[in-house]
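One chain, chain A, appears in both complexes that follow, with chain B as partner in the first and chain C in the second.
Moving on to the complex of A and B:
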């Protein structure tokens, strides 16, 4: 049971980091980005390519270095941001709404096809494997207690990301992003450089996605095309929407509900005789349905985002006309 | 030269399937302004319906009709149960777009519960390849192309020569204006989705026939190419969408034939990204406005 709890919490923490990153792009900046899971995947692939070293002949992949895990994390984040820069430069310039989404969907499918088909990149459909207990040896942690250490590490990173984003949330940058989301033209009229701001937010979100990917790679010890599909993003969107789009506390709550409650607690439901996996397969259906129902009946989520009201503004507006 | 003609022949088969799928997608968009991300699932449902009916009756025509009917019903259900409910509340189109993504996710997973996630084979004898003019086509290929042409002609008649078609065009140009002119926009939209579903369900059937196997995510993969064709032609414009589909279909086969079939999807999206960036209103519209919605 402890064993199981540790797994759920570790996965939950990684999933939380992913959702927080996507919240920057969709919750604050307001762009419905379908490429997001590509950044997570790229982060995971890069982490593996940078740490596992060279494997013998049939396996082919780029880099093949044996860098320390922490260095690999930094480089994985950087490469996710680089990819986001390429996609963002194209997609954010003129495109909004569904056209932005369509181009990002295209971007992630190109990535998916490349990773699978172009073997010299990340070993094709076989993917990469062999990242076992990073940092464990250096810190002298034995095999049995490693999982607790990694759980602590994942939660620690989640906390750091959370604290960082809660500062960003109330910063001028965070407020400016929301102003774009609410009314782009008005924000432009007030002198905001829309393209730059949106691009910055996109890079920030993608970087956090890459970070989550780096942790995911260490947790899974391997990564290949069957470990992710671009549609995985739906689950993240459901979590953000259920919790409260734009509100990072809400996003964490959404992750708890969607991931821990729906994904994990269903594991303990009794099986329907004759249909061994039905309960397991019902999860994505429940998640998809939750996405639709929340969009329809409670689009602000369970913990709605606080509206920022300028305390001085109402007084000036109601002041005596001179 | 010979190889080029051969590839052109394949391209026309792909284009025929693609144009049906794309015109259905664009009709859905025309009357509701919603890009339906669950459009691919209409094709998938059609393919499974055809498989079941074919196994029961052994009759390909019955299978084709079943595919169309199943497609029409699922499209009507999507419209009534989800899309229309959002539209009635005046929800922004982007939100409805997200909801259709959820819908796609739900339908794919329901299908994989019922039929399993693995590929199922759907092979019917395609006949020996025959020389027809410059092209080398099997009987199946000829049937696909002929039926696509017939359906296109039918759609053309419906859209431009019937009262319903007139109402459809009115709703697609301006829903509110159509409504104040006495058109029941809700019924027109539902009927259009049903019609689009019939066409898309049938497209799912011929796609399954020509590919030979499929699984619950089969329609979604094809949807990505459909989207390219629809955007290239101009979203919401039925006949230029078909022209876009023919161009994209042929371009894809040439790319597959001369470069590599594995990157087909990537190539399709290369086209899509270029079209969206350079001519966002479609290849055949002379406007350089950027999309700001």
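Moving on to the complex of A and C:
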């Protein structure tokens, strides 16, 4: 049971980081990005390519270095941001709404196909493997207690990301981002460089996605195309929507509900004899149903975005103007 | 009359949409420290002209000089940062942000808004600047009678209240020139009087005004000088009084003139 709980919580922390990154792009800046899981995947691939060293043929992949895990994390984040810069420069210049989404979806499918088909990049569909207990040896952590250490590490990173983003949220930069989401033309009329601001938010979000990918790679010890599909992003959207778009507390709550509660509770359903896949298929159905119910009855999510409430009472307590 | 350079000098501005000359060799000036009216029938090219001046559309020909600086080709945010701010025909508040946030955010401040400075910058300096800014915004809200609504999401306000928020944002931004695009749309007479006073307030605060409006009594009430557009070009300029007898203006737009009545408050 403890074993199980550790697994669930570690996964939950990693998905929490993922969702927080996507919330920067969609929750604040307002762009419905469908390329997001590509940044997570690239972060994971790069982490592996930078840490596992060279494996003998027929495995083929770039880099094949044996860098310390923490260094690999930094480089994984940087590569995710670099990819986001390329996609963002193209997609954010003039495209908005559904047109932006389609271009980002196209971008991530190109990446997906390339990773699978172009073997010298990340070993094709076989993917990369062999990142076993990073930092464990250096810190002298034995094999049995490593999972607790990594749980602590993942929660620590989640906490750092959370604190950093709460600072962004309350900053002037964060407020300017939300003005883009609310009305872009007005934001431009009052001096905001929409393209640059959106690009900054996009890079920030993608960097956090790459960070989550770096943790995910260590958690899974391996990564290949069957570990992700571009549509994984949609489940992250479900989590943000259920929790509360724009509210980082809500986003973490949404991840707990969608990834942990729904995903894991269906695990305890009894198997239906002769239909081994029914319970497995039930998860997307339950998540989809939750999504529909929330969109209909509580579109702002469980914890709506908080507004700044000015504590200082005005001099005159007159009624509203006409 | 003293010889001050105009706040805005538009020369030969032209914009084609396919075969349609939406703005056709349009030239006019807006004097500094004055209220200039821009009137004309629907489809005269007023809104397109504003879009061209403020950078939301690119002109096919012509120049726009703002305080002597050429604006054409600059993107909207650059023009705004130079001190020329425009409003839109429908109020464009940031609906999910509060009224106070709407006003505070009207002032663009690079020193505070870049990512590194605003997120990792010195907390103390940021906090002090915020205090000053909030105090300024509260004063402006007080002036516009919006204090009680300051924590309300702007999207929940009535149409008239949204117009007032827009005016409050202009006050906060303190541009050298503001272009108001049909500020009286859907506004009742009492509020209209308040907006007329607010426009005088802009002038006092050093903001020259161009106002596009179909409400002619309001134009007569607030403007010093009127530019009449028809079919993309300027057909007449001068004080509103002088245009009453201008046959071209009467044919194109005025027809029979209504007279201005003071609203009974």
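One rule holds in what follows: the second predicted complex is superposed on the first by the 307 of 322 C-alpha atoms of A that agree within 3 Å, B and C clash if a C-alpha of one lies under 4 Å from a C-alpha of the other, contacts with A are read in each partner's own complex, and residues count from 1 in each chain.
Here is the rule we use: a contact is a pair of C-beta atoms (placed from the backbone, for glycine too) under 8 Å apart; a residue touches a chain by one contact, two chains touch by 3 or more.
Only a predicted model underlies this, so the values are computations on that prediction, with no experimental measurement involved.
Q: Per the contact definition in the header, classify A:110: touching chain B only (first), chain C only (second), both, or neither.
A: The first partner, chain B, only.
Q: Which of the two partners, first being chain B and second being chain C, lies in contact with A:162: first, second, both, or neither?
A: Neither partner.
Q: Identify the partner contact of A:299: answer first if only chain B is touched, second if only chain C is, both if each is, neither if none is.
A: First partner only, chain B.
Q: Tell me the contact category for A:176 with respect to chain B and chain C: first, second, both or neither.
A: second
Q: Per the contact definition in the header, classify A:193: touching chain B only (first), chain C only (second), both, or neither.
A: second
Q: For A:287, decide between first (touching chain B), second (touching chain C), both and neither.
A: first
Q: Going by the contact rule at the top, pick out the chain A residues touching chain B in the complex.
A: 32, 34, 90, 94-99, 101-103, 105-107, 109-110, 113-114, 117, 184, 231, 234, 237-238, 278, 281-282, 284-285, 287-289, 291-292, 295-296, 299
Q: Spell out the part of chain C that touches chain A in their complex, as residue ranges.
A: For chain C paired with chain A, touching residues are 54, 56, 75-77, 80-81, 85-88, 92-98, 100-101, 104-109, 112-115, 118-119, 126, 130, 134, 138, 141-142, 144-151, 153, 158, 160-161, 164, 169, 173, 188, 190-191.
Q: Which positions of chain B touch chain A when the two form their complex?
A: Result: residues 35, 82, 85-86, 89, 91, 93-95, 97-99, 101-106, 108-110, 112-113, 220, 224, 227, 231, 260, 262-263, 265-266, 269-270, 272-273, 276-277, 280, 290-293 of chain B touch chain A.
Q: Would you mind writing out the residues of chain A in touch with chain C in their complex?
A: Touch list, chain A to chain C: 164, 167-168, 171-176, 178-179, 181-183, 185-194, 200, 204, 305, 307-310, 312, 314-322.
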